[in-house]
Amino acid sequence: MRLKRTGFGWLLLSPTLLLLGLFGVFPFLYVVWVSFHEWNPFAANPEKVFNWANNYRALVFDRGFLASLGVTLAFVFFAVSSQVILGYLLAQAFMRDFPGKAFFRTIHTLPLIMAPIIVGSVWKLMTTPSIGIIPYLLRNTVGFDLNIGTSALAAFVITVIMDVWHWTPLVTLSLIAALVSLPPDPFEQAQIDGADRWQIFRHITLPMIAPALIATVFIRLMDAMRTVDEVLMLTGGGPGSATRFLGVHIFKEVFPRTNYGYGSAVSVIVLYLTIVVCWLLYVGLIAPRTTRR
Amino acid sequence: MRSRKTPWLSVALWSLLSFVTLFPIYWMFVISMKAPVELFSTPDILLRSLDWSNYVEVLESPTLRGYMVNSLVISSGNAVLVTALGFLACYALTRYDLPGKESIFFWTITNRMAPPAVFLLPLFLLLTQVYRIGDFSLLDTRIGMILVYCTFNLPFAIWTLRPTLDAIPKELDEAALVDGASAWRVIWDVILPLARPGLAVTLILTWVFAWNEYLLAATLTNFTARTLTTGLSEYVTTTGTAWGIMAAISVFTLIPALIVFSLVQRHIVTGLTFGAVKG
Amino acid sequence: MSEERKPGFLPIETNWFDRLFIAVVLWVALSLFWLRFLEPLGLSVWIAAAISVVLGVWIVRRG
Amino acid sequence: MATVQIRGVTKRYGGVQVMHGVDVDIEDGEFVVLVGPSGYGKSTLLRMIAGLEEVSGGTISIGGRVVNDMLPKERDIAMVFQSYALYPHKTVAQNMGFPLLMQKRPKAEIEEKVRKAAEILDLTKYLDRYPRQLSGGQRQRVAMGRAIVRDPQVFLFDEPLSNLDAKLRVSMRVEIKELHQRLRTTTVYVTHDQIEAMTMAHKIVVMRDGRVEQIGRPLDLYDRPANLFVAGFIGSPAMNFLEGRLATRDGRRVVETADGTALPLEGAAAEDGRRVTYGIRPEHISVGEGGIPVKVSVFEPTGSETLIFGRLGGQLIDALVRDRIEGEPGQTLPFRIDPRRAHLFDTATGVRL
Amino acid sequence: MTYLSRAGALALAMGLTGLSSPALADFWSDAGANYQGVVLRGVTESTPPSNYIKDVLAPQFEAATGIKVEIETTSWDQMYDKAIKDMEAGTGIYDMVYIEQDIIYAYLARNFLVDITQALADKPELKAPTFDEGKFTSFANYFKDANGHLFGVPMEAFIKLYLYRKDLFEDPAIQAAFKEKTGRDLKPATTHEEYTAIADFFTEYGKENGLELWGSTAQAHTGHPASWYEFFESVAPTFGVWNWGIDANNNYAATVANGGKMNSDEAKAALKWWLHLRDVGPPESAQSTWTEVATTFAAGRAAQGLVYGENAAWIASDPNQSKVVGKVGFALPPTAPGVMEAAEAGTGYIGYYDGGAFGVPVTSKNREAALLFLQFIGQDEVQADWAVAAPRITNTATYDDPKIAEMDAKLGGYYTMLRDQGRLFAGAPPYPFHAQLRGALEPIFFDILTGKIGPDEGLDAMAAKTEEELTALGYRK
């Protein structure tokens, strides 16, 4: 029997859809289902009890959750925007020729291959108040006492710096790839037209690398929203709830508290928010570029 | 023309920048070389002596060796599977006029968006109770982990591979079809070689992601399929955190990643064409 | 299922699946808003559900 | 070698019909050119013959077999693409040998056939190179080489020369024609360039809007275009079209333009007063005594001939003459029209009268 | 750590000597004969005692019975999560689970564990002649139900002690300076005021002399449960606030208004006392869990502190990890008036008796073989070497072993203190909602630690939240 032509396309897609269905969609549907239940194995009643939207009802008033949402958005904003700016500057710098370029580029990509949990551990050791190397140097050079255990701001900034350190290479690499593939003509034309560097960036470079830039921001956004390992290791979400990002919040809500029902509701809303944000970004910025014809 | 000094200035600048980049990794190395008693005192930026005992302990532990093998098998298996399936899926998405394919593309990506903690409980239940054949359950198996990692790696593969495949002219497929190649043959003989840079980058990045994954591995493996990152957590205990050994293990996790990564370094610039869609 | 992208009132091109998605998104958003601000005033969340269904049908068919 | 029959073929994309019942018969060994402006379905038709597009309705048969549901590889055809579609990762030899490799022919045979084809196409020196190391014309020849090594029933060419510069295009045109004369393989060739069509084809199929406008030998189309579209499309420089009404003046049928100029005719099968379009090719206009006075705006001497652009009562008209005529823009020249070569079309329907 | 390698080396030695008694060999091989091919699987935290089980006792057991034992060692929070999911879903992955003080009551409430006493009574042929529940120290009581039935075989037991720097306390120059400053003699504190005075003195002293030395340390991590535990299980009890200030017999009341003590004046005083220690302690206190507290002390950065006994041992004896070997003194924590008396009388306690046990989940598919293994590790015969490798004592007989006596001397009398004063300490309150309540209260507690909310208002809020949460969980009616 011969497959129709689109049939073959579906055949190629089917393993992907099957796997994502089995290990992504199906578990998620389970989470949605659980989110409509009161379920804590160590409550007086350990059974799952259907409770309509009570978890969600509690959720919208949950100050802890809302605060977590706030710090997560701040974290994502600062981390991703710094990564993009820094990544772009580095990518531009790598477009020039200088001795040892390949070597430096390799060095610059190294953080990318480190496990988040290791990154968290190393940064924890580097920033432990008073005996970590960073607070130590800061105190002895500029007299600043960095204590991520007491200062919410310090802890937040350190998590952002850690994330920037870890993930900027990804942005740099993808932007190098984009810059390399740009044709030279528009730049030459712009120079002839008398554009200065900023104008060239604004009107030529930026629009031309925009697709790669947006795609990179997209993937970073998704990953930054779900950061867990590093932060759990570094600050445990503290001090207080200064770095209790959504991923950490869910982790702490579901596991130590075995609050399966409520934790599921939080998860559903987090995923909802992520999908909506990404969908808007995708529909607004990415899809128009990919639909050709 | 610029003065001849400039390169050296930029090398100096780059060296400084590289120092900042490398410092945490260097620090990890320093920790791995220190006795525990040294860690909680005045930090010393220089490495005064080399103490390899942490490495010896890691190397001599059969458990950790087993974890290393598991990590290698799982991350390699997953990277190959994910790259292959992502490649086929992207091929279908770019070549076939499938109804709703933009939606499919977006919805496959969403699988990466969920915070991993969300999936731990349902995956545990599914692996132990639903996805099983007789006595064989996917929990705590390498194959189980390979499949589970698809959830977040497959979308990434699709995301990175699509521009690569988009950039390969469709006429090539058609020419090959007319030349008498079967649909599979076209993919294997024409598209695959042309997509190589993109595939290499996807392979390495998904490999690194799988290699570094912690949370799912910690929950879904028990005895036979534990990975190196879960091994790390065994040294964080109520009676002390063995930072030195953890750092030594970290160095060991870094080495294979480093090797694989440097192998494809030259491909990365050509292959990581995120959304470098023409038009 | 048709891939046909007919022009509707939404500012973007959509297929029926996109519109269904938009409807669900709006339903969730409205319900959460309702739970937070309107239900304490005594309005049942079912009202939000009803509005969402109407809105959803309209979006899916006309969007 | 085989015949190709296209019967009532239609094509729909989603709800949009882009091809409306196309019928074409192609004889064994014939060189047929599908011609028409870009984007009017001729490439689609070619791709349907190749099996790259599904046929929505009607049948296509090659060598008497209906091939509608056959995969391209089962149709025994070869195709040369506009972009050549050479495999960038394969050498010239591997590119040319690929179809044979797909047929699992022995290695020696593949080498032999590739060598022979390379000789024919003068590619022997380049067999070990990669496509990116070749010039445009060489790439084009490799694409042809890939088509001929397999000795297919039908050759399909999809605008193969459009990426070449003008000079190369002329020589490649000759090469393709020579090749066809040597191989005598049934060929379907798509182009938007009517000169290619005229010079190469045994038979031309003019297409527009997913419909066949006219099928015929090149000179038939030149001499007796079936409608305004074909008339305007075939021939270069394009035919002059002058609007007017049929009239009888001094006992002779003429076409009277709005400003009263009478254009000569020889026999017309329609009643007076009918709105018609009068067509005359520039090369059928000469300058001389008794001609219609035309105010000239531009002279374009090319050495061998002169192209004269002018206006006749507001309507553009140009003449191509072999004499060297020099003059000033603005001067009036008498254009003599050969009435036997005039064409008459119904303005409303565009059909030849 | 070094325990690992030490345990590994011991594995070899023990494997050869473990089966010296033929009578013993007979029972184990006979009992094991019925379970050939069985693989027992356990999950535990990777602490030295657990690693000893994994590396030494499990191979010994296999040699004796032919039953293979696999032990999964993982981190503390992972361990619970995994065990709970297994038992809740009834998967039957584990045949043995590690049970700590803070989770046993939750497991008992859900009937997750096999009643060891009952199971051995039902099947006398499983009962090992060398195993006797009565030989455990009183710590085993924390793993018994109301009927005195044992649900877990203790494998770790520690008390949280007051550690001080003997060398500093005994330095005549310092003693003189202290006397001059405070008018008192420098000796280990018995009251909170004394403790604070010493802490303030040493912090000042460290600053003046440019030393990396502070007067106390605190387990006050601002994002980790460790701080919660230190306050409620070590600090509050010394002020007479027991069981977290919740009155289980009074409908789980927590607020003073309802009869609880969580926001009582004693609790507020305790919190302020402890926060002050954090403030005069080294900067890392705000990021310290039990591990860092021990490490800080071991690095010689604190003059005194409350330290878990499991760490006290290596601080006092392992020069590879500790700079204060031989300079550590042990004492009972300082207490408020009346608290010690209450502890002596058994109506209160002065600190945390920490530890864990191995239990068999009811979902285990190899229950009987698992019971054999639990008896194996519960015998007196294995205890002494185990305690040497990983300082912990669960059986009364262990104290008398010469190896242990020798070690006790090295540890500055820690074991003696464990034996003699252990009864003054208590395990976790018998609540089944341990982690649940902690998780709910933590955000407020952390806010107190970071100063976002004052200690008084904070405790009020926590007490109120406790009642609310317990109502939501269904325990408070």
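So that you can tell them apart, the chains are marked A, B, C, D and E in the order they are listed, and the count of residues begins at 1 in each.
Heads up, the rule we're going with is that contacts are C-beta pairs under 8 Å (C-beta built on N, C-alpha and C of every residue); 3 or more make two chains touch, one makes a residue touch a chain.
This one's a predicted model, so the numbers in the text were calculated from it and none came from an experiment.
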Problem - Contact-graph distance - origin chain B, target chain E - result: 1
Problem - Graph distance between chain D and chain E, where chains that touch are linked - result: 2
Exercise for the section: Write down the chain pair with more C-beta contact pairs when B-C is set against A-E. Expected result: A-E
Problem - Distance-maximising chain from chain A - centres being C-alpha averages - result: D
Handout entry: chain C and chain D: spacing of chain centres that average the CA atoms, whole Å
Key = 54
Completion exercise
Per the C-alpha centroid definition, the whole-Å distance linking chain A and chain B comes out as 16
Fill in the blank from the handout: Residues of chain D that touch two or more other chains sit at 71
Problem - Residues of chain B engaged with two or more neighbouring chains - result: 39-42, 97, 99, 121, 125, 233
Practice task
Mark out which residues of chain C touch at least two other chains, giving numbers and ranges.
Solution key: 2-3, 18
Exercise for the section: Within their complex, state which residues of chain A touch chain C. Expected result: 53, 56-57, 59-61, 269, 272, 276, 279, 283-284
Problem - Contact set on chain E toward chain A in their complex - result: 77, 80-81, 84, 88, 106, 109-110, 220-225, 282-288, 292, 299, 432-433, 435-436, 438-440, 442-443, 446-447, 449-452, 472-475
Completion exercise
Contacts from chain B onto chain E in the complex sit at residues 35-37, 39-42, 57, 60-61, 121, 124-125, 128-129, 139-140, 218-219, 222-223, 226, 230, 233-242, 245
Handout entry: Complex contact set, residues of chain D against chain B
Key = 47, 50-52, 71-73, 77-79, 81-83, 85-89, 98-99, 102-103, 146, 150, 156
Completion exercise
As the complex stands, chain B meets chain C at residues 97, 99-100, 103
